[in-house]
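Report on one structure; see the data block that follows.
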Amino acid sequence: MTQGLPEWRITREPYYRPVGDELAQFRQAHARRLPLLLKGPSGSGKTRFVEHMAWALDRPLITVVCHEDMTASDLLGRYLLDAQGTVWHDGPLTLAARHGAICYLDELIEARPDALVALHPLADTRRALPLERKGELLQAHPNFQLVASYNPGSNRALQPATRQRFVALALAPPNAEAQAEIVVQESGVTPAMAARLVAIARGACGSRDSQDSQDHADAAVSTRMLVHAGQLMREGAAARVACDMALTQALDDDPEIAQAVRDLVEAHFT
Amino acid sequence: MTQGLPEWRITREPYYRPVGDELAQFRQAHARRLPLLLKGPSGSGKTRFVEHMAWALDRPLITVVCHEDMTASDLLGRYLLDAQGTVWHDGPLTLAARHGAICYLDELIEARPDALVALHPLADTRRALPLERKGELLQAHPNFQLVASYNPGSNRALQPATRQRFVALALAPPNAEAQAEIVVQESGVTPAMAARLVAIARGACGSRDSQDSQDHADAAVSTRMLVHAGQLMREGAAARVACDMALTQALDDDPEIAQAVRDLVEAHFT
Amino acid sequence: MTQGLPEWRITREPYYRPVGDELAQFRQAHARRLPLLLKGPSGSGKTRFVEHMAWALDRPLITVVCHEDMTASDLLGRYLLDAQGTVWHDGPLTLAARHGAICYLDELIEARPDALVALHPLADTRRALPLERKGELLQAHPNFQLVASYNPGSNRALQPATRQRFVALALAPPNAEAQAEIVVQESGVTPAMAARLVAIARGACGSRDSQDSQDHADAAVSTRMLVHAGQLMREGAAARVACDMALTQALDDDPEIAQAVRDLVEAHFT
Amino acid sequence: MTQGLPEWRITREPYYRPVGDELAQFRQAHARRLPLLLKGPSGSGKTRFVEHMAWALDRPLITVVCHEDMTASDLLGRYLLDAQGTVWHDGPLTLAARHGAICYLDELIEARPDALVALHPLADTRRALPLERKGELLQAHPNFQLVASYNPGSNRALQPATRQRFVALALAPPNAEAQAEIVVQESGVTPAMAARLVAIARGACGSRDSQDSQDHADAAVSTRMLVHAGQLMREGAAARVACDMALTQALDDDPEIAQAVRDLVEAHFT
Amino acid sequence: MTQGLPEWRITREPYYRPVGDELAQFRQAHARRLPLLLKGPSGSGKTRFVEHMAWALDRPLITVVCHEDMTASDLLGRYLLDAQGTVWHDGPLTLAARHGAICYLDELIEARPDALVALHPLADTRRALPLERKGELLQAHPNFQLVASYNPGSNRALQPATRQRFVALALAPPNAEAQAEIVVQESGVTPAMAARLVAIARGACGSRDSQDSQDHADAAVSTRMLVHAGQLMREGAAARVACDMALTQALDDDPEIAQAVRDLVEAHFT
Amino acid sequence: MTQGLPEWRITREPYYRPVGDELAQFRQAHARRLPLLLKGPSGSGKTRFVEHMAWALDRPLITVVCHEDMTASDLLGRYLLDAQGTVWHDGPLTLAARHGAICYLDELIEARPDALVALHPLADTRRALPLERKGELLQAHPNFQLVASYNPGSNRALQPATRQRFVALALAPPNAEAQAEIVVQESGVTPAMAARLVAIARGACGSRDSQDSQDHADAAVSTRMLVHAGQLMREGAAARVACDMALTQALDDDPEIAQAVRDLVEAHFT
């Protein structure tokens, strides 16, 4: 039933605007099935990039959002009770390894170290997954590849034993032109309006006290928020109202930051 | 059986008195199915507003009160044992995504970060819910929308990666006139009595040492408490007794605060 | 089988001696089914008062003693395995809401905040209980009322969002005359002996260093302890022995406090 | 099958040497079925006393040793899976309440407060046990009595709400004569040898730095240890060897304390 | 099937070289079935001694290695699901008590206090095991004896209420002659080589900074390590290589300690 | 079915380049089935070495990656529900002990002490595994051997009682020549390119502030990373790009370290 994993195949090309040579680099790592680590802040397009590559390489894509309560069993699988007794159900990592999908571990750094050690035998030359509870030693499908992402600005760090099993790629944030292009594409506003929204976003970054550049990247107005503002305008919201909902209120609860963003909006829409 | 979710439809218009342009703003976010975050202190009418909008937009409404022990499984669903073996039961988020309801996550900020990451794929352009334990990738129904609320005065903060997936709306507390109107509507007392109760509530706010404005909003005499006082009077309680039960005793255990509220009540009922 | 909940009906009038106007106040809150919070120290008769009112109003009474390990499932219900598979069993709160009982949550403040949020939708105008695990939205029976009690001298505090859903009533401790009446009624000693016991109890309160009045109330000789002393005397124990068992030894392990109480007993029985 | 609880009846009189009027006091509390709290250090004979009284009153005795991991379900009961589905199994407290046994909670103070609140409705005039998970409100059998013990020297304290439901009795440690009598009775050594062992025990108490009298009681050479020494002698061990095993090595690992005890033994056996 | 517990009988005499009068002392405690506590550092032969005594007394031996996650259920037993429903499975302590084995609790001090209280009724004159979950009060078999061991150098301490139920025996480490005899017996090297190995072990003890004598005992080169070195030599390893693997590398990771041990080895094999 | 454990046999010789006399040392420990501990930093080839030895000795190899959430049951086995009721499933350690495999515990030091005590009876002369939950005392197969590895630079330490049951072997990192040989063999680059990559790796070690030598070993550019770089080049990546992905980005997120590595790469490829 899961042969070929049709449910996990991406049938329409996901829109992705490259910012460097990342398409070729992903292909080179994929050719050797090397585990690949994508580094970049929240909203930098990591998830969209992986979706695009899974489509381009014609591979099923199984995504797991990592979190602190995720156990090794959540990745590997477990026994469930059936009319015939207990039956093993593959977890997403096992499913991907068995059928040759790309397994994308989003926010890898949020996972507990003990869940991550379960990845080690798959992420080196063994390419095997010992399913201890099932008593099976699963040899990964030749097409299987492990991809993971994380935000290097997080407080947590990956163990060297995990990290060194991956080759890595840093995704740079899009420049102003690329960002405006994305806003036009995803919200339907005019290029001129998109440019104004981008200018506000870049102004907002400058107007905030940023403790360090990473912190800055995280708490900045992301491309996604600009797309939201554009979408609300397309539904008839005034530019000020759309920016208040999508940028000012969504960004922070601090009244001073809110006022600074409102002033910026005001400056661009008078 | 859950097709259309008749049990979760609101059949009578819930009373809601708008304080600004929030009705239109909710409609604009709903038109694009953007995840919407409502900000406001306890008792500011967030829940009633969402009920009103679900009625106005003719959508089923599934409410989840978030708390620290809520797991991702509580939102997504789980396997339960049946005469035929284990059967999957959709959780409230899955139910809403599958059948096109508004899923309202009350007190979002109380949820653990790992429960919140389960929302991410539904709250961006993917609008998909990976049910890892079921091995299903659920594509959300076109009508599905995510709405959440929280009290910005809480000590906890949302992760930027969660927060930036939402557009946001701050609900202002009603002014004196609006508040009196609500008390009349909900308790059945006369406008004059409602005005007196509102005056006591506003006096009580002034008489307390408030460390900051947020703290103030939380611990103040809410509209709900005034409605309670009115209801007790309608059942024959003397005004002083009704205010003692609904305002003084319900507000706090501190004897000084209690005495200050009693003095205020005394001043308005002599 | 649980229709009407005959097992939870109180068939004989529980003895309760009112100390103020609490009988009428309970009736007024009940008339509107407002959630009611009873405040008072351990042993002040809160439980007996609720039993009396359930009898007087002819409602079944379902009591839940709250504690730190009580989960939302303990209140709402859970699936249990049966010969036909898993069957849902209503928890006490659900049972009361479904069949129109008074649900009495004793020591509400001991419950974890996450168990308490399960009460919120029942404790406001919605009067509904979302049973997420069952996929049912239970509308409360018209007779259902929520009553809770707590000791305001505890270190813990209720969240405003919980507290403001209730109207509240403080139960004063009985005066000396009322207390003696209770001791006579419940133990069978003569009014003269009851008066002596009450005098000892009041003396014991005075003889202790009380850090604050609340602490005092908690650690004082309660009416229940005087009843115990009376009962032991009726079984043939000498007054000194009965007081030693029911008052001195039961009150505290501190030798100085014990000696002070013994001196008081001695003074009243020479 | 459990009607009358024959398995829990004590058929031979357990040896117990009273140290005061505790036999009558237990009977008086039992006549009114008052919950009874026994206070005394480890090894002071609390358990033996309860066994003796259960025999004397001809009641089954169900003993529960409390500890920090004991849950309310361990006391009340739980559902277990059977060929016919889940079947309820009474816990020891429920069993005792249903069939009229004495339920003895040894080391009550070790139990978690949330397990203790489960006792409250049984330990006041209601004498009822709400079995929430079973949906049963069990009225206690007329013969049921709750007895508990604890060591007042422990660091933990009982909540007043728990403690004040009991009448209490402090068991004094036996004097030298009584202690020697017990050693003769239980080990079979001669009265002269028993007297020597008692003298060593009392010397050992004096030779130690005791921070307070309670600490002292706990870490002292108990009657049980003297009985052990006597039993080893009866099996052919030399007095010095028996004392080394039963007193010195069993008491503490501190070499100075060990040497002091050895010196005492030496002094009594030269 | 478990009648007589043939699987747990020891059929060949385990090699044990006594260091004092411990064989007689064990027999005397066993004659009265007194609970016996063996004290001694890791590697002092406690386990071998118990195996030897079980063989000598012709009793089955059930060993439990205590640890912090061991629950009372791990000792007592639990219900397991079978084709006929749930069936009770005796835990190792219950098995031993029911069929008259010696139950040996290795590293008793590692167990949690709440698991240890489950031992109390078996470890005093009652010799009974209340299996609360099964509703059985098991009277121990006349042959049953409880034996436990612990390392007195551990940071943890036994509760007096547990400790005083045992008689105790300290096992001294073997002297040089005895140690060499064991090495010859267990590895097959010549007495001369064994003597050299013992000399290295004793030198290594002297060359280390020992904070206290207990610490010293724990981290020293144990008899077991000397046996390993002898065994490697018998397999053809050079003396230096065998000592490096069995002594130096196995003892510690500190390079200074390693060098000191290597120097000692060098001095004995030139 | 698992007789002989064909799934766990290694059929092709795994490439392993010895750095010392470790092949003979492993064989000597294996001849006596002594538990063997391999010490060395992440990436030093411990896993490959064990795979090679299992192949060379013709033994099945069962690998367990230890982590903090691994329980004793994960090692020993558990009951699972089947059509016929519960059936015991051997865990990996039990499987290895029963059928004579080498059980390799990778990262032993990550396991919790209570999981490790389960190893003790298997790791001394008893060679027995008490399966308490199954009521079986499993005598290990004559071919069974326990092998474990850990990184001595970790913060955690093994308990002496665990550690002293093993003989130990430290694996030195390969020298430059050996390392280049491995890179050629595993990636397919020319010896000249491999030498350049090795030179970069050794330069990178020198350019970093290493707090201590162990820390240094862990965070250095490992042989595995050089192999990755070579593999990317073989897929067409430019040398600079391959080194950026496999070395610079994979090593650390610190911009200064990254720049230093980039400078080194630049120096070797101009």
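Think of it as A, B, C, D, E and F in the order they're written, each chain with its own count starting at 1.
By definition in this document, contacts are C-beta pairs under 8 Å (C-beta built on N, C-alpha and C of every residue); 3 or more make two chains touch, one makes a residue touch a chain.
Predicted model only: the values in this text are computed from it and were never measured.
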Separation of subunit D from subunit A in steps, with touching chains one step apart: 3
If a chain touches subunit B and subunit E alike, it appears here: none
Chain separated most widely from subunit B, comparing mean CA positions: E
Same-site or different-site touching of subunit A by its copy subunit B, using the half cut: different
Whole-Å gap separating subunit E and subunit F, where each centre is the average of the chain's CA atoms: 31
Inter-chain centre distance, subunit D versus subunit F - centres from mean C-alpha coordinates, in Å: 53
Junction residues of subunit C - those touching two or more other chains: 81, 84
Pairwise touch network: line, ring, star, complete, or other: ring
In the complex with subunit C, residue positions of subunit D that touch it: 21, 24-25, 28-29, 31-32, 34, 37, 39, 71-72, 79, 81, 84-86, 112-114, 117-118, 120-121, 124-126, 130, 132-133, 135-137, 152, 160-161, 163-170
Residue ranges of subunit C touching subunit D (in the complex, touch as defined): 2, 7-8, 42-43, 47, 62-70, 74, 80-84, 89-92, 95, 106-107, 110, 151, 186, 218-219, 222, 224-225, 228, 231-232, 234-237, 241-242, 245-246, 249-251, 253
